[in-house]
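In what comes next, chain A is part of two complexes: it sits with chain B in the first one and with chain C in the second one.
Our next item is the complex of A and B:
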C-alpha cells in the first residue's frame, strides 16, 4: 500500500498494466467501476484482483445477481486463481442475490431473499460490509451493476451511493462490474459520475475483436485514455498483448537475426539461408506478450507484404547501415506493407561493420522525421535490439 | 457489404424467398408451444451444414447434450460436430450444476441472465468461423426464455448489440419465439430487429412468411410433420388472402 501524489493511499490490484494506468492501484476506502464493452468479459480481471487481495490477507465479499456463487468459484478454478480455499478459510463471503430469482434457497453467508427489491439488496450489502470489515480489510465485488440497473433502473445507483459511504467508514474497496449495454445517456452518465475511478475494458470495433484496457477516470479526474491491448490467458491472468509487430526491411538487412535475438521462441521459413515466407517470433517483455512477424526482403515476394502487414499495431524497419542504396527500398516496403503511419522504430543495423553509416547519417539519408526513433543495432546484440522493442512499445502505448 | 443468397435447405421455402436467405439477416421463428418451430430451425441449420457451413445452437431451456439428442431425430450428423462445424452455447447446464465443464464444441454460460458471457461465447465462435471463411447460421432457442427472467427492454438492449455483431460477421440468425406467451407489443418490438418472421402453424402444417415476401404460405418440411409427407409434396406455395 502506498500514497500516490502524496494524497490518496492506493492498493495495488496486482495486475501490473492496470496498476500503471491507475498510478499505483485502487483507491483505498473508495469505489471503482470496471466498465466493459458487451464483447469483453470483465469477470476474469475481477477474479484476478480479488485473488491478489485475498493472497495478501484481505477479506472478500462477492455479490452475485446473474450467476451462482458456485459458477464464480468454478471460473476461478479454471483461471488457476482458485477462490474455494479462501471461502473455506473464512476469508471470502458471497452475497447470493441470484438463487431466489429461481425460487431456490442458498447456503451462502449472505442471502438476498427478495432480489427484486433494491432496499432488500441494500440491507444485506450494508450488513455484509459492516460484519466483514471486522475480520479484515474488505475488497467488495458487485457483479453486476448492469443486471441491477436492468431490474431497478436508477434506484440502485442511490443505494450504491450509500454503500460508498459505508466503504469510506470501513476503509473498504468497492469494485462494481458494469457492462455498457447501450443504456440511455442519462443512465450511462449517472453511472460514470458515481465512481471516482473507472477502468474500461474495450473491444475495438473490428470484425475480429481486439480487447484493450484503459482508465478513463482516476481519483475523480478524467484522464486521457492510454489504451493497452490485452490478452486474457486461460491461465495466468491478464497480460498486455501486442498481437502483431511487423519487422520489415530490404533483403539481407538482418531481419531474421533481429527476430531470433528478440524472441523467446521463433521460427523462420527459409531456403538456403534466406527467408522465403516469413519469420515468426514470440516475445515476453515488460509484462507484455508480443508476436513479431518478419517479412521477406526480396521484391519478388512483395505481394505477400500487404497480407503480413494487416492488423499490425506497429513496425520495426530494419536497414543495413552499410547499404544506403537500399534505403529507398526500405521506405517502399513500409508503404507496400500498409504500415506507414503506424508507430515504428528504425533499426540502423550492422553497426559493427567498419563501413557502417552512423545513426545520424542513416537518419539524414533516409530523410526520417524527428518523431521516429532510430537505434543503432547489431542483430546479435540483445541490448541494442531490446532497445528498439522498448521504444516501439512505448510508442504503441502512447498512441 | 455483399448480400449473398443462401439456400435455406427447404426447397419450397427457397422458392418463396426467390432463392434463399439474404446474408446477413435474422428471422424470428414464431409458433405456439410444441408447434415444431424448433424443428424447422434445426432443418434450416442442417441446410447450411450440408453446404459446408457452420452452425451455432444457443440453448436456454435444455442442456447442450439434450439439444444435440433432439437434433439427432431431425438429421443431425456426428461428422459435422467432429469437423468442428457445430457448436453449442449452453445457458442452462450451469444453472443445474456449476461444475459441468466445457468441451471443444460446447461453451457453458453461467446462467440465462449472464448476457455478457453469452455474447462473448458466440462472438468467439463466430470470429473463428469468419477467419476460416466459413458461413455460419445461428439458432437461439429461445427468446421467450430470456423474456421470462428479463424485461423486454433488457432483451432489446442485448439484441441491439448482439445482432450488430452477427451482421458484421455476415451470419444468418434464427430466433425462436413462443406465440401466445408474450404481449403484442413485445412481438412488434422484437420484429423491428428482424428482417422477417417465419410463423409455424401446426394445425395447417404450414409456415407463413412475414416481412420479406409477406404472406407466402409454405408447407412444413416432411421431416417435421411425417404424417403430412404425402400432402406436402403435392402442395405448392400459396399467397394468403
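Our next item is the complex of A and C:
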C-alpha cells in the first residue's frame, strides 16, 4: 500500500454527509473504495461524485465492465445528474471493457479489446489516465471491481496497485466500486487492504428500506463507524435522511407553528385552530432531509398520538413557557407517543410573552436531567427553532 | 430480493387493474414503504396523512362500538381513494378513477393486501 505521507489534500465529493465522514473529502492522488452491500446502490452515489467533479471543471474517466456506457448515461439522466453533455464536451471519457464481451466494437474513447485479460485492461487504464491527466484533474471510476474479481480472481488486485501508482503520479482520484457478495475471506481482506479509504454503503432490511453510509477507513486509519441513513432525493442527490422526528407537546404549545417555521414544505390538518390529525413537513438541514411529524395536542386525540410515534429517531418536545400547569401533560405525551427514551430536545416556547418562565425555570419545573438540551424559542423565529433541530440532529447522530 | 422490491412488484401488478391511478404501501405509523404515484406527488406526505386517516377511522368506529374498521373509502368529485390494512404493520392505499366498480376493485385490493401482508410479516 502506498502511504500518503500526510501530504494528501482532500477533494470534497460534494455530498456533505460523505465529506463530513471523510473529514473533508476524497484523498487526492490516491484511490478509495466504495464497498456496497448487495442490495445497496453504489452507482448513484458515484454518479453524483463524478458529476460534481465535472461541474468543477475536472476530467472524468469511467471504466465499465458489467454495463454499457449508455446505461451509465441513462442512469445519470434519471438522477438529474446528466453526464451526456460532459462526454460531448470532451470532459468525460469511457473505457469500454464491456462490449467486447459480446463480440461488439465500441465507439468510446477507450476500448478494451480483450477484457478477459487483466493485463490488457490495466494497459488501457494506464493509457487513459496518463492521456486524460493532461486535460485536467482526473476523477476515475472503476465499475466494478467485483466483476473483475469474478473474472480474474486475485490477479486483478496486482493490477490495481499499478493504477494506484499512476494516481499518485498524476494526482488523480481513483474510485473503485465493489459490491460485497459472499467472497472468501482472503479476497475480501485483500480488497480492503488495498485501499486507504473505504466508504461503505449498507442496507438495513426493515419494512422501510434504509440505506446507510459509513466510512470504515480514512487515509489508512480505521474509523469508528458512524452510520448515517441516506436517501436519494429525486432531485438534489444524496442526502442524509431522518424519516421521522416527532414534534409533540400539550395543546396550543406551538407544535404546528414550529413545524411550519422549520419546513420547506409542510401540511397540517387543522380544524378550528387546532390540529386534528397531524402536521407533516420536510426540512433540509446540514445536508440532511428530515421529515417532521407534528402531533395533536388535545387529550381527546390521544389515540392518534399513540399511533404515530412509531419508528421516530428523535423528538422535539414543545411546551408553552407561560403554562407550567401543562408540563406534566408534556411528559405524559412523550410516553403515550412511545418516544420516551429517544434523543429529544425541549423547546421552551413562547419566550416572547411577558409572563414566560425562563429556560432555567422551565427546566427546573419540568425536573429534567442535565443531559437534555433545552432551548428558549419563539415559534415563528427561525433562528431559535433551527437551534432546536441542530441540537437534536447532533444527538441522533451520536447515538 | 428486498421486501421493498417485492412490494414494488405487487404494486406494479395493481397498476394493470383498470381504473387504478396510483398506489402506495405505508406503515401504520405513517412512513412510506413503496409508492407508485406520479413524480409530482409528495408521497411521504400522502403516506403520513393516509396513516392518520386510517388510525382515526379505526379509533372512531371502535369508540361507537361499530366493530373493527376494514377499510376507508373516500369519494371525491373525480376519484375514489381506498385504504385498507395489509396485516398488522402496513396499509395499502389506492387512488382509482371515479367510475371504477367498487366490488371488483375491492376483490383485487384484498388479494394484493394479503400478498403484501405475507411479504412484510414473513
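A few remarks follow.
Methods note: the second predicted complex is superposed on the first by the 390 of 399 C-alpha atoms of A that agree within 3 Å, B and C clash if a C-alpha of one lies under 4 Å from a C-alpha of the other, contacts with A are read in each partner's own complex, and residues count from 1 in each chain.
Convention: a contact is a pair of C-beta atoms (placed from the backbone, for glycine too) under 8 Å apart; a residue touches a chain by one contact, two chains touch by 3 or more.
On a predicted model such as this, the values are computed, not experimentally measured, just so you know.
Overlay on chain A: chain B and chain C clash in the combined arrangement. By the touch criterion stated above, A:181 is placed in contact with chain B alone, chain C being left untouched. In the superposition on chain A, contact is made by A:68 with chain B only, not with chain C. In the superposition on chain A, contact is made by A:39 with both chain B and chain C. Residue contacts after overlaying the shared chain place A:303 against chain C, while chain B stays out of touching range. Of the two partner chains placed by the overlay, neither chain B nor chain C lies in contact with A:383. When the shared chain is aligned, chain B comes close enough to touch A:98, but chain C does not. By the touch criterion defined above, A:244 lies against chain C but remains apart from chain B after alignment on the C-alpha atoms of chain A. Contacts of chain A with chain B, set against its contacts with chain C after fitting on chain A, overlap at residues 39, 207-209.
Contact residues on chain C toward chain A in their complex (touch as defined above): 2-4, 27-33, 39, 42, 44-45, 48-49, 51-53, 55-56, 59, 89-90, 120. Listed in rising order, the residues of chain A touching chain C in the complex are 39, 203, 205, 207-209, 234, 243-244, 265, 267, 269, 277-278, 280, 282, 291, 293, 303-304, 307-311.
Residues of chain B that touch chain A in their complex: 94-95, 98-99, 110-111, 113-117, 119-120, 123, 127, 130-131, 149-151, 153-154, 157-158, 160-162, 165, 168-169. Taken together, the chain A residues at the contact with chain B in this complex read 36, 38-43, 65-68, 70-71, 73-75, 98, 101-102, 144, 147, 150-151, 179, 181-183, 207-209.
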